[in-house]
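Listed below are the structures to be examined.
After this come two complexes, each holding subunit A, first together with subunit B and then together with subunit C.
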Partner chain A sequence: MAPAVPRSGDAIFANVERVNAELFTLTYGAIVRQLLTDLEEVEEVNKQLDQMGYNIGIRLIDEFLAKSNVTRCVDFRETAEVIAKVGFKMFLGVTASVTNWDTEGTSCSLILDDNPLVDFVELPDTCQGLYYCNILSGVVRGALEMVSMKTEVTWIRDMLRGDDAFELQVKLLKQVPEEYPYKDDE
Partner chain B sequence: MIGKMKQYTNVLDKPLSKGRQEVSLSGFAYLFSELVQYNQTQVDNIGELERRLEDAGYAVGVRVLELLCHREKGNRRETRLLGILSFVHSTVWKVLFGKVADSLEKGTEHEDEYMISEKELLVNRFISVPKDMGSFNCGAFVAGIVRGVLDNAGFPAVVTAHFVPVDGQQRPRTTILIKFAEEVLRREARLG
Partner chain C sequence: MVREVSESCMDSLLTEIVSSYCNRFYATKPELAARRIEAIGYQVGHQLTERYTIERPRFNDHLEAIKFICKDFWFELFKKQIDNLKTNHRGTFVLQDNKFRWLSRVSVDPSVEISGAAQEPSVMSENKSAQATGLHLYFPCGIIRGALSTLGIPCAVTADISNLPACSFVIRIKV
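For the complex of A and B:
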């Protein structure tokens, strides 16, 4: 029996309600600004952004699975492809590409073509240690954790820090099998 | 091979986008909900929460004004009250929320009050306010945006967001109340 055909990122994005990316960009900027004022330490802000991303990711995965009809990914390679082609497109309207696979197939890089979070943004000298888009790493980590994959997500290249692209490294730490919530003998 | 020098592109050198790019509404809604949730942890009472959301919105408003003045209005600035109000009600709303605001009214009781109403603010689409938070409205963020635009356009005002129950509708509509400063009205009177 043929499995349900997963919908492409473009098709889903065309069907969801959309808002102006600039509102999104400016709101994110306001969030980062607030965090910098409150927390002052750049490392703390990075952590907080990651945490916020994690909170978003654990909820976002439900919507993603509901709207995209993806079948269970056979391996991590497929997972990464799905995130890059469908996930990013569906929510941010941009696609990413997957590269730099390691020999075991547990670590790869997602390169974002375009990043709506960083329009109009320039990092001042006082914030050079800031990973401005750290919320994205939290989102990916949170979403994958909800589908039983513990990962480590870090920024390899960041255009705001002078590199030529946005590269996110996703490393699979372990697959956590789903826990059956009820005890068998009850 | 020569090592690549880190290149910091100057954000002002990049061409200005046309503003047509979009993200999903749910993406924005998640982000906004994190903004509200984070601020909830930083305050002790509703008033402060509204103020923080307003301040966040203020920063957005400042930037929106600059962006739109340059892109939509060819760097011309409004000098009249009605001009700036209609700029906010139409242009700003259309760019940020995809449609012009539902209505723009002049307050009947006070000369210096104007109201922009919306059946359901985009930011409030997925927000429900628990009863114990009383009249708290996340539209304070939008009120902040409006205040940012007006303030930097030279029309200082106090802007607040209120829920107004409507007969026959389950969700109340939101009104952004704009109360202009004295100097604005005096200037407007002088300009005739």
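For the complex of A and C:
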């Protein structure tokens, strides 16, 4: 039996330093707004939000590993569960559910019913095509890349576009074998 | 219960605002980058103030509004109040936070004594880490300016970090 992996991030979230979510939500909103003004093209805004998320993800994974005490996941299924139940909880204070697995177990959906990024948000008609929460997909992609998993992360459903939930599809493209920078006998 | 997120979320966003604007979008135009970061802060200050003052009577004078920023507003943002408030009674206010949270994780090059009294101001501004620290302050300066503008007080806000980890925000009210 593998050692018990925390199945929930509740205890970790209760112990980390936290801030008022309004500040976070409004700051994110102000960033998106400013990017729309400065970059003009909605496509470019999507790209930059994803890039910002990626940069955050590659740093956040360290904090995640340090605080969560999770051990190596046996497969991608377990990885997805840990992201949904521990990862989302310890940073955003909400959990996601994992569904829509393909038969190979390499692609699934993370479903968020509650998403602090979009409190107070309504998109005007001029923002069609905007993936408002694209920073999240970047974070997941960046974090997984740091633990040797190349993934493709895309939005399937988006409540700001009229869907009934936020659905993020995570597809495992390739597992990069770990290369140690040292040899055993040195 | 007030909704919360982990502090790392906020720290990560701040780091990314600064690095996106200064290293990617306006890498060759630091003044523009600074202005955009300040604008993001302004928007946040404006919206937060609207929310936090909904059930309050109108402030009678500048000092009352500034006190609101030092106490309630700062507390919502940082779970503490401003430690020291000074004014020259001619429209300039200095708000000092002895341990400003958003700078507590910014590393400062230990080889350069920023707080050293012998430092020439010009030397200081050439020091890269001081510059990087400065970039992180456009956002909070924007928040304060946005907050006060929403309360009907147009002003200019700058920050002084010659006493790290303390940080002073200097508010000059426009007459």
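Going forward, the second predicted complex is superposed on the first by the 173 of 186 C-alpha atoms of A that agree within 3 Å, B and C clash if a C-alpha of one lies under 4 Å from a C-alpha of the other, contacts with A are read in each partner's own complex, and residues count from 1 in each chain.
Please note the rule applied: contacts are C-beta pairs under 8 Å (C-beta built on N, C-alpha and C of every residue); 3 or more make two chains touch, one makes a residue touch a chain.
None of these values were measured; they are calculated from a predicted model.
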item: Three-chain arrangement built on subunit A, subunit B and subunit C clash or fit; value: clash
item: First, second, both or neither for A:Val70, with subunit B first and subunit C second; value: neither
item: First, second, both or neither for A:Ile58, with subunit B first and subunit C second; value: neither
item: Partner chain in contact with A:Gly93 - subunit B first, subunit C second, else both or neither; value: both
item: Touched partner set for A:Ile111, first subunit B, second subunit C, both or neither; value: neither
item: First (subunit B), second (subunit C), both or neither touched by A:Val19; value: both
item: Touching both subunit C and subunit B, counted on subunit A across the two superposed complexes; value: 13, 16-24, 26-31, 33-34, 38, 48, 52, 55-56, 59-60, 63, 90-93, 116, 119
item: Residues of subunit C that touch subunit A when the two form their complex; value: 2-10, 12-17, 19-20, 24-25, 36, 39-41, 43-44, 47-48, 51, 76-77, 79
item: Touching residues (chain side subunit B, partner subunit A) in the complex; value: 4, 6-11, 17, 19, 21-28, 30-32, 34-35, 37-39, 42, 52, 55-57, 59-60, 63-64, 67, 95-98, 122
item: Subunit B contact footprint on subunit A (complex, rising order); value: 13, 16-24, 26-31, 33-35, 38, 48, 52, 55-56, 59-60, 63, 90-93, 116, 119-122, 135, 159, 161-164
item: Residues of subunit A defined as touching subunit C within the complex; value: 13, 16-24, 26-31, 33-34, 38-39, 48, 51-52, 55-56, 59-60, 63, 90-93, 116, 119
